[in-house]
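Take this structure first; my questions come after.
For reference, chains read A, B, C and D in written order, and residue numbers begin at 1 within each chain.
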């Protein structure tokens, strides 16, 4: 008995759920959980089917391809533990939360390595017996540095790359190398306060709520598909530094919950949006 | 072209989604939206299917009955505008929100009448051109009073009865007359502060958050299936009266959002719990 | 026995609280509630003192002026019921909430009149026995229209002007006529989605949280000092219209809570920020 | 230049703020921040004054004692780093968050030791170079075990004792030994779900929101003064185990924020309530 996740995106049509679930039924697979969504504005159908049984991937996928309309995308992946690489600079809180959860429960993930452009967090990573790789950006162009980082990630071959307060802008080559596989935490409630020093921007604007956003990285800084957001209340007594301190708990929660859903294969990227089933 | 909602509860089994959606497909019905849930603890399957097309209710239900396992419950109802009766005592905020939303948008419902055991809210109701019925409890036993109220409701024949801060305990006969069709707003975050004067209880206990709960009414006071809950922060500067004032906005939001979901036929009652699809 | 609010803004200095409270003490006034805040970044001191007793305003203020540093602003106003004028266009929810609360409790305010540039909400306003004034913008320049509105407001002489989904941009003359006395509700979590159709912008961006902002109006659209903000979660199933519907409850809550604090004389405007004591 | 916190609780009277701030002024102390609250129901006055300057504690306190009414309590303590001991059983998340924050920022505290009745968390504690003490309860009566734990804590002499998911009920002697100095995290939104297995209770009741509560421990289990509470939404898809997992982030946030405020000397215990200034 295995458990796998079937994910389907295709043009909406009558009978889609019937066709897909019929095929699963014929394959003697049990549907543990099924979720679907139709975006009526664009006529797109999304379905996540959690299946249990004995799988013949090849014939299952062939049967699906025979039944689904043209332009369909479907993928079948094992449920369960996946592998991430985390990129960091100097801030510990998001990284620490991921280390804690992968070690002591809460996030079923293998942290296969942490890469820093500074060595500030080396000790923390090694406390948890995980390899830390320093790739300093000093003396390198952005392209050279990113290329070294990409090469190292490729040798580890993770499912996802997590930017846990990695304070560098990725080159387009880096981004394109891991399409929809780089997850970033931005320390504001996007699209408010795009760019640098969002807490200082928030302080200047006098907002009464601050937030954080987990999103996939695409070519436009801070504009990739949003996975999750959360906020907390602040007031006039908060300096920018107080916002920063208070915001850290939001950042780490949003990032780890976002990763949790991505790893559960619940997050579908569609244009610049996510559908979370 | 019509739109109807098919709701199914049955013992879980392989192929259920395939069977139900196949039948819909054969009937040339388009699935506008489909949601399902399996409670693996009890082996129950829940499904809400929003269908569009030309319906032959009789043969559709017969086909479903032929396919579904024993012990299944399925119902097919038109989507759209339903009818409620609201019971009130003296507090205006929940009633006012429902009057506003049914008149100016936000809740597609017909308020077919308001019954009060006091006439305090008569003017408000009549401002919105809706009939107000006073059934005073004075000089009547609880049974007599409830019986008069039930009789009046029966002549109106609403889909649901809404207790919008109706400060009387219903007799078991009243409750049994409208099974899973009476919606109450309780002014606390249940199961905290069951019973009378919850804000005073909350004040005494020194809580930092207060809330409200919309639930179906069953025989045990404040213990029916919960539909929706929400909370707000309070602090030491709040007296019980301040909590009451601040709580009113939570109460009215929770009640109207709860009703919104019930009217959309999204709320399934199962034991003492709700599944909301 | 009267109750008044003393509000002080001045450059920070040693002994300020002692000086001010000493003067109150000498005047035999009881401090019912006192709140103060020092903005250490700019060296500004803010204090709100709720006083009870028999007031000699002239000597009290003279004593304060003798004690406070140069550049101080202090005002002494009676606590209690104030007067507002509400400006609307076609949407009923914010207006309805204010009408309900001023009539049935929750907001101790006199709504002295409602002005609309359409007559859509005339009936609603008159249901609550409050005068509705139509000043159509048709055939008028923006300046002409605003000038008529300002003239009418001036005859009513309210403490504050509330824009309850008034879908017109005010002329600078209008804004300057009521400095820090115009309260607007913007249907987004500012500074995200400034300008028109924020829910459509939010939908396009694929955000997972939407919000609303109550703020004072200044010359720059949507950029005045923020009084209050709140948010709710949304997901991929929400169309822009769903966001609009769900957002209405946030808008009306934020607006009425914001007004509540302003009327309690708790909101100090300072630069483009608010201090709320 | 030193920074100290003056905390005053006394019967309310005219001129209290003037008297206290006058004395500070005469001592040439600068008030960095001042907050006060009057509980008009019980006639109690609370004030927290953050002072900067050169302190003569003895004369300052003597001056205050001369000015304050009978029945006053006042304390003057240095601001800044304090010392805690943490008690744990087997769950890592609250402990881990405190270790991260004390080491990498967010909580200015010295964790002077961790005591476990199991050794499950020994490795985690030692990863952060903090002493872990195992005091197994096996073969001991509750009194014997608690007495050993109390003795060990006394040798460390912390400012506060933190129960970070310590799954044992303290003896009355333990509690009385550290009055208002033991902080517990309860994994429910108190007073809902007092006692054991609150997530299972929450699941059974079918609630739509779960929470956590940080409170001081007194003689009645789960009934001490509440410091902080927070909640998250859940739905029918959550098993008790899912609630447990999701609840962990709320628990750790509530506990560390609660401790943050206690360490900042902002939390006043008064009867069974807290005033947080």
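One rule holds for everything that comes next: contacts are C-beta pairs under 8 Å (C-beta built on N, C-alpha and C of every residue); 3 or more make two chains touch, one makes a residue touch a chain.
Predicted, not measured: the structure shown is a model, and the values here were computed from it.
Chain centres were defined as the mean of their Cα atoms; on that basis the chain farthest from subunit C turns out to be A. If you compare B-C with A-C, the chain pair joined by more contacting C-beta pairs is A-C. As a whole-number value, the distance joining the C-alpha centres of subunit A and subunit C reads 41 Å.
Each chain gets a centre from the mean of its Cα atoms; for subunit B and subunit C, those two points are 36 Å apart.
Multi-chain contact residues of subunit C, defined as those touching 2 or more other chains: 40.
Remark: subunit C residues 37, 39-41, 189-193, 205-209, 211, 225-231, 235-237, 239, 272-276 touch subunit A in the complex.
Per the touch definition, subunit C reaches subunit B in the complex via residues 92-93, 96-97, 100, 103-106, 124, 127-128, 245, 248-249, 253, 256-257.
On the side of subunit A, the complex with subunit B involves touching residues 14-18, 21-22, 24-25, 28, 30-36, 38, 40, 233.
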